[in-house]
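For reference, chains read A, B and C in written order, and residue numbers begin at 1 within each chain.
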Amino acid sequence: MKVGIVSWGAYIPKYRIRTEEVARIWGDDPLRIVDVYLVDEKSVEGIDEDAVTIAVEAARRAIRRAGIDPKKIGAVYAGTESKPYAVKPISSILVDALGLSNNVFAVDMEFACKAGSEGLVAAIGLVKAGQVEYGMTVGTDTSQGEPGEHLEYSASSGGVALIVGRDGVAAELEAVYSYVSDTPDFWRREGSPYPMHGEGFTGEPAYFRHIIGAAKGLMEKYGYKPSDFAYVVFHQPNGRFPVRAASMLNIPMEKIKPGIVVTHIGNTYNASALMGFAKVLDVAKPGDKILLVPFGSGAGSNAFVFTVTDVVQERQKTGVPTVEDMLRDKIYVDYAQYLKMRKMIKLFD
Amino acid sequence: MKHESVPIYWRNIPQYYRLVAKRCKKCGAVHFPPVVRCRCGSKELEDLELPKEGKLVEFTVLHQVGTDFLKQKPLVVGLVELSNGVRVVGQIVDAQVEKLAPGAKVEVVFRRVVADGKHGLVMYGYKFRPVGL
Amino acid sequence: MKDVYVVGGALHPAGRHYDKNIDDLAAAVLDKAIADAQADIEALFVASSTAELGNKQQLLGVYVLESLGLDKIPVFRIENGDGSGGAAVVAAYHALRAGEYNCVAVVGVDKPNDVLSNQQQDIYATTLDTHFERYFGFTPLSYAALMAKMYLKKYEYKYEDLARWAVLMHAHGAGNPYAYFRRPVKLEDAVNSEVVSEPLRLYDVGPLADGAAAAVLCNNKKKDGPRILSVTTSTNAVGFNARNEYDVLYSLEEAARSALKKAGITPRDIAAAEVHDSFSIFGALALEGLGIVKRGGALAALREGDLPVNLSGGFKARGNILGATGVYQVVELAWQLMGREFKRVEGNYGVVHSMGGVDRVSTVIVVGL
């Protein structure tokens, strides 16, 4: 029973701010900041964009790439931590913006940066159970970072949508494994505009423990070894963490590198690992195995193994913009424009 | 304008989100915004979702705007001809104005249009964005 | 069918009348017009574009009458956007032609300065399709700019050619004691003014101003008042996106053709015209729509010298008093034919063009001595 990724769609807003421009404002040494995080620049949403519009763009591209009737999608999940509304779903906006039927399971999910990938698990479950023909999950964020705080150097905007089904599978799901614990490395209280985090505590006890826990757990349970994978994609809060996680798992650099996007666009939170995954799918060949391990603070990881099928070649030729296309298509903004676009200037409303 | 009507927004969602037009079953004319009677006299109209790509006919950069757009000015607005020949007016976003010219290829995108203050509804809709510029 | 004459009139200077309520401002000019006509009025037609949205007053006519202590007079509120004034004159004209009344008054009033400039934009934009044009940020200015851009390209004019409109309007406005701006400007001032929606600059935009105008119309001639020879209102029910051409005022073309025919005159007989130049490009297109110059020829004609158009100064110098403007235009034109307050024009026929929205509704009124 072949179930897996039928199609993918990614969206990166066109605007970028360079790390050195942010560092200029806050008196940091840009070379040191780039060296610490390996983030050269990050994506910034336009003034009329938010997690909803980004999700719609990514989802439309996924549908276009799949060439399916949107009315056949029976479940839609949005994973985000930058909802424009505290109460009112993104997923229902997706239903009407994408022209889905009204007979659709829809919910917004929250688990820091992992929610979008948890939506993938839920969609896979419904497809496997025969409850829906296709399911969709979208990881979308316009991530927050307090101005002047180190999170600001990476928190960025983007979205990735994945369509799951049985027909026309481009990347078949082989295994999935989760690893979750109460680890308070990063949080945002109700009504608070910016998240808090534990600096170094976000590393060992949080990111590495859960990523490694999920990846190792999966490999042990299902009998994979690092050499089985053509590509490995981890959550990318910065450029250093995924590289170190790879070395901890004895995964060679060349398998990690194709899925690294954080250097060019920053951390798109719910779209972070999925953006790397989409970038890999843009170039993967039939037979390639991909290990995908997103991470959400608080904390948890899902590890997935996909095997790329022949269908991928057809999907790669649809003219839908690739992640690589979007990494190149950019307009630089300065810090003042960035504040305006992110609506961080205090205004009358 | 503050306190935009929620029912007005809601009932126009098919147009705002997906450019749902009316096509005359008799003469084939396509009407956007939708009408209740075709110029040929027929009232038999069906929904038709307009294509999502087209080309720019003309544009201007508007500096005097209403209250909803004060913090977004200047607005680039223009007339777009979609690939099936139907023309639609709308905002042009993510554009480097100096590179914009009639004939430029554009795609339909989904964007925020109006936010009703800090606590009210966020209203979305179609806009156009240049492709490959 | 009875004839209709302009028997009395009054204008309030266009400006920023922060000290007057909308009903009192209208009442003051209405009182003057009635005194000028020396006639009792039997009905009041009220033209305003934004009394409800901007000044928060419905039933405006009743409050105007209350301010004057006039009781039991029927009131009719006419709203055709910024073309309300012309439409109210048409309604009054029809009532008189039918013999329902002998004398009626038309009062036009708008007070855009009771709200902030960006709220004025909000309200003016409700003359557009509120769901598919205003919602997305369009304003009348944005459409005027698109039309100007296409017109200038099509007929290979330079921006400078369009800027001459403002220069001419200011030259005319200098002779109008009721104008908002009564000073001439230089071409370089217009050409160097700030861009508001390219190619249009500040001098291409008629400034919104507060004001009121009243006319008393009767079906018997009194004193030397001119006669309204014909009126026609026509509409353009085609959205901006679906129009065939963008260098035509469709609503005007039909109104002009019909009104001139009914009056039995040709464009060559027009000694003076007051046209709806809320934006310079509309003034140019109105000259063409009325048949005074050929299509695409307005700016070339402008280059060659003075034209007997908008001797009031038009929207640019007299001011854009929104729905009141059409009433201003009728009184101004009557006075131009009579040589009252204005220099007498050489000829016996004049036309008014009053337009609502971006070529959505046009009224043409032919006045003759």
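In this section, a residue touches a chain if its C-beta (ideal position, glycine included) is under 8 Å from a C-beta of that chain, and two chains touch if they have at least 3 such contacts.
Each chain and its UniProt protein: A = Hydroxymethylglutaryl-CoA synthase; B = Zn-ribbon domain-containing OB-fold protein; C = Acetyl-CoA acetyltransferase.
All values reported here derive from a predicted model rather than from experimental measurement.
If each chain is a node and each touching pair an edge, is that a line, ring, star, complete or other?
Contact pattern: an open line, chains touching in sequence.
Which chain is in the middle, if each chain's centre is the mean of its C-alpha atoms?
B
Counting only Cα atoms for the centres, state how far chain B is from chain C (Acetyl-CoA acetyltransferase) in Å.
Once rounded, the distance between the two centres reads 31 Å.
So how far apart, in whole Å, are chain A and chain C (Acetyl-CoA acetyltransferase) when each is placed at the average of its C-alpha atoms?
Chain centroid spacing, chain A to chain C (Acetyl-CoA acetyltransferase), equals 58 Å.
What whole-Å value do you get for the distance between chain A and chain B if each is reduced to the mean of its CA atoms?
The answer is 30 Å.
Which residues belonging to chain B are in contact with no fewer than two other chains?
Only 72, 113, 127 qualify.
Two-or-more-chain contact residues of chain A, please, as numbers and ranges.
none
Which part of chain B faces chain A closely enough to touch in the complex?
Touch residues, chain B against chain A: 13-14, 17-18, 49, 52, 71-72, 93-94, 96, 109-113, 115, 117-119, 122, 124, 127.
How about chain A: which of its residues touch chain B in the complex?
Touching chain B from chain A are residues 14-15, 46-50, 52-53, 56-57, 60, 84-85, 93, 96-97, 99, 331, 340, 347, 349.
Considering only the defined contacts, which chain B positions touch chain C (Acetyl-CoA acetyltransferase) in the complex?
1, 8, 12, 15-16, 31-33, 58-70, 72, 75, 77-79, 87-91, 113-114, 123, 125, 127
For the complex, give me every residue of chain C (Acetyl-CoA acetyltransferase) touching chain B.
117-119, 121-122, 125, 129, 131-139, 141-142, 145-146, 149-150, 194-200, 205, 239-242, 246
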